[in-house]
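Each of the two complexes below includes subunit A, the first together with subunit B, the second together with subunit C.
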Partner chain A sequence: MTLEKKPAHSDATRRTVRRVLPPPVTGQEFVLIGVIAALWILLGIFTPAFLTPGSIQPLLVSVAPIALIGVGMTFIIITAGIDVSVGGAIMLCAVVTAKALVTTGVPLVGAIALSVALGLVLGLVNGTLIAYGRVHAIIITFGTANVFQFLALRVFGSSTVNGIPSTLEVFGRGEAGRTLGVPNSFALTVLAVAIAWWYLRHTAGGRHLFAIGGNAQAARLAGIKVQPRIVATYALTGALVGVAACFFIASGTSTLDQTIGSGRELAVIAAVVIGGTSILGGRGSVIGTLLGAILVATVTSGVTQIGWPSQLANLFVGVFIIIAVGTDLLRERARRKS
Partner chain B sequence: MTVTSPPATPQLPPGADPGKRRGLVSRMLEALLTQRVVLLAVLIILVLVGMTLLDVAGLLSGSYNADYLASALISAVPLAMLGLAQLMVILSGKGGIDLSVGSMVSITGVLFGLAYGSWGWGFLAAFGFAVLAGAACGAINGALVAYIGFPPLIATLATYYAFRSLALVISDQKPVNSPEIQAFYSAAQSIEIPLIGGTLPLVPLGIFTFLLPTVVVVWLVLNKTTFGRRLYAIGTNDVAAAWSGINVRPNRMVVYVLSGVISALVAVVTVAQFASARPDAGTSGNGMALPAITIAVLGGVAITGGIGRVAGIVLSTLLIVWLNAGILLAFPGNDGSQYQLLALGLVLIFASLLNGITKRRYGGI
Partner chain C sequence: MSQPVTEPQKQNRADEFRLEMRAIVKSYGGVRAIRNADLAIRPGSVHALVGENGAGKSTLIKIIAGAERADAGDVFFDGTPTNIASTTDAIKLGVQTVYQEPQLFPELSVAENVFVGRELKRGLRVDWSAQADQMHGLLGTVGLPEQVATAPVGTLSIAQQQQVSIAKALAGEASILILDEPSAILTDAEIDVLFTVIRRLTAKGVAVIYISHRIDELFRIADEVTVMRDGQTVSTQPIGDLSVRQIVELMVGGVLSEARPAGDVHRGSTVLQLDHLTRDGHFSDINLSVAAGEIVGLYGLIGSGAADIAEVVYGINRASSGRVLIEDQAVAVKTPAQAKKLGIHLLPANRSAQGAFSFQSIALNIVIGELQLLGRLRGWVSKKKEREIARDFITRLAVKTPSETQPISAMSGGNAQKVVLARQLVKRPTLLVLAEPTQGVDVGAKEEIHRIISGLADEGTAVLVVTSDLSEVLRISDRILVIRAGQVVAEFLPNATQVEILAAAAGEVDK
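Moving on to the complex of A and B:
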């Protein structure tokens, strides 16, 4: 008897599970895809140079580090946290890696491992202070941002790091940085987004993050180890910052200057927010983050190609944030009324 | 009743404790931990004594005396004013924060520079124009947060980008520079205080023309007006405030407008200080928003809203400014500004961890 009933039972469970899960691609993401497609078509019509590999490839190269860090940031924001220290962390990882490349000539794998390990440590510091110090994440990461910047400037010594060898060119803008025409850094980012999407949607660990963001106290009572989870999200972001720092070094020139990483934390947060992740926690998607980063890069690239002042791009970024979050708020309000 | 231990009654205000059975040390420790103003005062004294000792020992590259401390106050003007803006915004609760103050300083500074320097307006007209522009920028933030329901972090992140971009576009990315503005530099000079000034160090004029009036007005608004009391109520619990008859939305919007107005005032000071209206005045480097938020948190403002005092902002500014001034002497050149970053970061982390400990041990700040 039990043998006969079991399949039916598990079938029903599977159906309820399916209903609990959000759709694989949400409304906000379809809107974003539509907006990006419309922009690409419009730009393609008005500036014929836009829809050529020579213009799209650099665009994807510039998307990669922002979207990659955005994956980690999405995890953090889903748990209702935030990390504004990634700018400082990028700077520190980049300068240490660049110095190692110049002075010791470490090979590719060594450079990436060094950068990732350093980023991981920085993320662990953030996560531990936030989870166990029980302090609001934005305050702690403002503080650590300053400390990371200080450390990075000490490592810089002089104003720039010069003569960086082309060890990291597999992530660069050149021919060596592409496979079948697709920039390697972007392909790697898409892979990371895919894994993160699966993790958030289909594993218990991923669902725990949403639970923590929805109500940390309830999550704790339900048996989720909240603090280690939170530490892990910051550590993940740190490790991804390490990889992204390599992307930044590779896509630049052989000189690294002190503006590296500056303001990137806000660019990453902007991409995450445009992608439909709620800053209040409990809701979000990494696909949206990738699309958000592509949208921002498209606008930045498009504004200059049309011939407008490049500073105007940030105005559009601001407007996009307001539109993306505004429509989400109105939809939420409508949902609550019905 | 009195047997109840302090951690078990978090609602008990500090000082309401029956202090007779506890030693002086324990009470002093509690005052130090629960009253941010006391802690800041002690830290300021420690910094002053420590730096003076270093000075006496000959480890500083210049003398750390009253004249130096007074001249260092020039950097306290924008810091404390924007700190007060953050105080009001964070007080209003619901995650209140204003990331856009730096961008508002940039854009109102450029508008002031254009009006005063290029369009030939009088000082008062240009000044009024800048303040109105600041209020308008703040009103956008306020409307987004209070009426549409944006999380403040997001609304002000968006306007941070928008205003920063507009400032650069309006000014064509060049600082506005004209003889009128260069002459305006005199507004940033140091002056002797009349009557008693001979014996006291020279104090930057901006302290008297901008900072002190702002401090007094914000203090009066927060402590002596119904608006101020409503603000604390809204920040503590906006649902309860609404049920007690407070119209939450307009009150919450006003703090963002005030933040814009204060940013405009800071913009005018900054134009005077640099003798030119730079379109990146509030956004270059780390910008002005992050230090202002740091000052507010260090000053004991609870990021969750409803808790914070003007005195905390003033003292935390003095602490940071005088600490930074000392660091500049201890580590000359580029090193100095780098160690300032370290000090700011460590002080912020230390202060926020302390907030957490205080909350657990005594309940509330």
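Moving on to the complex of A and C:
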């Protein structure tokens, strides 16, 4: 829009546009950036090896799958849902894909397509049961998590999957997994975060997710097709789990064991919540989720590198979660009162 | 549609309705919510829809808004037979509804709320500039300052949120605007703003359906009024042809006076006294007293503040100023636990949310408030005693159940209510506060609960009944206080008529 076309409104309009949306990067995200920067500097001082590519690159490789699934999880939590089945879904996608790599020698694209398609189906199952079954998401996904695990363990049989070829090394920890020093999996994750950020912020579809999480009944009355949108968020998360499963296979050894995916749902939810997305729905950001994942990985890696007992990482992550959720709830309570 | 509709033009259009509904029928399960409703709305006018709770108003507007489908009947839009199958259909026809509870998104800005579901787009993106342009006029129309456009809706007052709801309705090119109890939550000054907005809209040709319990205010805003009673539309007339009293008579169906229980009132000493009690925003300057053996009825329409008074007496909420005296002692009741220590018991209004422990047995539901009576040792609960007490109350209150071990969720509304009432009687209360004691209870059980309450008063308990059920307040009270807009506006003896009481509660000026 040019000044000539709308001289009467342009100034006020522009000022309004700028402030109709929350700022592109919120205060909480700047705090996270600050905390991460401070930690990196401190770690750099105490263990000089920390700020070297040899330490940062693996850190980013470990961030990638968590943050990538976190993008989908952020969408889900914004709609006031949750998905605790992603650990089981990672396990199932990873074991099926690994088996395919070993037995049929599928090429890179085939392996990714297989994993994503399987993840998508799992997500659709979750989403459909939640949106149309009208049972709370935590119950449904707790149930499907166990089903996915059962299926995965059946595929494993009684042994690990051995001798996985290096088809997926483009996402691995080695030289082949990096472009200009940046791990490809991390670069891909940052791209996904950027697209998701734009989608949530600037498209009607994205804004509708916030509306659904804020007041589902009002969203329905406003003509938003609530149920298909909810199914879509779980399907997206499933597809991203498929990609992340490839990252996990690539960043591991040539052997895949039954611990794959275990506990990852909590790591993903922790990243989302620490990133400032409200567990009550209606508010959240994928940039925050990426930062949350980086913060968790930094603490985990930092604690070991300093030589502290590794369980201290759990303590720190726990404290971060409580601070994040506590801030959110206090904010909500203050708003209710006013 | 934009030129103002003047009086003569309105007359010319008399046979031309924006919306006409004929012989509408709607049942939920076996219950007939609407037996037979006709409604005809003219463009550029305000049509009031009134009736007691449960008369069928809400169901009728839900049908217009597409949130419910009628079982039978015809709907015409500008003379054309129309089928409104969903909210989307209704929105396409220009039907916009502002519900009693604002249907907004607290985290999103005002501008986003207004456009949600019909975003203006440029390519894939939402066109924020175009939306901001349209916002300019809209906010002015509904009486909101420009700068709130960017504020998250959750930070606005309830009145402002309602204005946002109206702006949201108008952004969708409304041809019919339904306002469901818009004034219930507003102050007088805010109502003036609302009326200005409504007049601005009717001048543009919008048809407004206005639902309100405050009959007096209808005379300031409505052109016509339709009265509903027992699921039927009983009358449609120009409002100028009616008085408050006539409308109320149409609502309750004639000039009936209810029989009240015979017997003398053995009034003892004063048990409860409220002295200039005020809770800001809910009620102010309430003075009342309840004596031992007396049943005082507090009658008020929804939002009148009557229910809030009960909550302050029981310590759920705090008073801003004024005193509560129990047996002539000023007391500070800050929590329900303190209230119980003083012998004040409350039967809460919402049985399922505040009263019943659904999955627990009848016996536990009865004794849960007084577990300390059951133990020989501190903290030790005797199951045997629990069952004895429960059986005793099941007999005394004629609770229909095969056994005291049944879960309360398996019972009918009336029997469940008796169980929750029994809980208040395990230890005899000095003051029993009952909020909507027979809501959702069948007629037979209602009768029995009324008898139980009368019996308690005869034994010397002071009883305060808060109710929005007109026949109930007349049946069981020894004195009736009418609450309107947070104040006691009238006092009646039980020989008053329904019409007198409802007229006072709805705001007849000369009362």
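As a convention for this text, the second predicted complex is superposed on the first by the 308 of 338 C-alpha atoms of A that agree within 3 Å, B and C clash if a C-alpha of one lies under 4 Å from a C-alpha of the other, contacts with A are read in each partner's own complex, and residues count from 1 in each chain.
What we mean here is this: a contact is a pair of C-beta atoms (placed from the backbone, for glycine too) under 8 Å apart; a residue touches a chain by one contact, two chains touch by 3 or more.
Since this is a predicted model, take the numbers as computed values, not measurements.
Trainee: For A:Thr52, using the defined touch cut-off, is the partner it touches subunit B, subunit C, both, or neither? Pick first, second, both or neither.
Mentor: A:Thr52 contacts neither subunit B nor subunit C.
Trainee: In the overlay, answer first, second, both or neither for which of subunit B and subunit C A:Thr179 touches.
Mentor: Neither partner.
Trainee: Just checking: does A:Gly326 make contact with subunit B only, subunit C only, both, or neither of them? Give me first, second, both or neither.
Mentor: Only subunit B; A:Gly326 stays clear of subunit C.
Trainee: With both complexes superposed on chain A, which partner does A:Gln217 reach: first (subunit B), second (subunit C), both or neither?
Mentor: Only subunit C; A:Gln217 stays clear of subunit B.
Trainee: With the two complexes superposed on chain A, say which partner A:Thr104 touches: subunit B (first), subunit C (second), both, or neither.
Mentor: In the superposition, A:Thr104 contacts neither subunit B nor subunit C.
Trainee: Kindly classify A:Phe142 by the partners it touches after superposition: subunit B alone (first), subunit C alone (second), both, or neither?
Mentor: Only subunit B is touched by A:Phe142; subunit C is not.
Trainee: Tell me the contact category for A:Arg283 with respect to subunit B and subunit C: first, second, both or neither.
Mentor: A:Arg283 sits against subunit C, while subunit B stays out of touch.
Trainee: In the superposed arrangement, which partner chain does A:Ala204 touch: subunit B (first), subunit C (second), both, or neither?
Mentor: Touch partner of A:Ala204: subunit C, not subunit B.
Trainee: Of all the subunit A residues, which ones make contact with subunit B and with subunit C?
Mentor: none
Trainee: Help me check something: in the complex, which residues belonging to subunit A touch subunit B?
Mentor: Residues 82, 129, 133-136, 138-140, 142-147, 149-150, 153-154, 262, 266, 269-270, 273, 279-280, 309, 311-315, 317-319, 321-322, 325-326, 329, 333.
Trainee: Which positions of subunit A touch subunit C when the two form their complex?
Mentor: Subunit A residues touching subunit C: 1, 6, 9, 12-14, 16-17, 19-21, 202-204, 207-208, 210-211, 213-215, 217-224, 278, 282-283, 335, 338.
Trainee: Within the complex, which stretch of subunit B touches subunit A?
Mentor: It comes out as residues 95, 97, 99, 144, 148-151, 153-155, 157-166, 168-169, 172-173, 285-286, 290, 293-294, 297, 303-304, 338-339, 341-342, 344-346, 348-349, 352-353, 355-356, 359-360.
Trainee: Using the touch definition from the top, list the residues of subunit C that touch subunit A in their complex.
Mentor: Interface residues on the subunit C side: 67, 87-88, 91, 97, 99, 103-109, 111-112, 116-119, 121, 124-126, 128-129, 131-133, 135-136, 146, 149-150, 154-155, 168.
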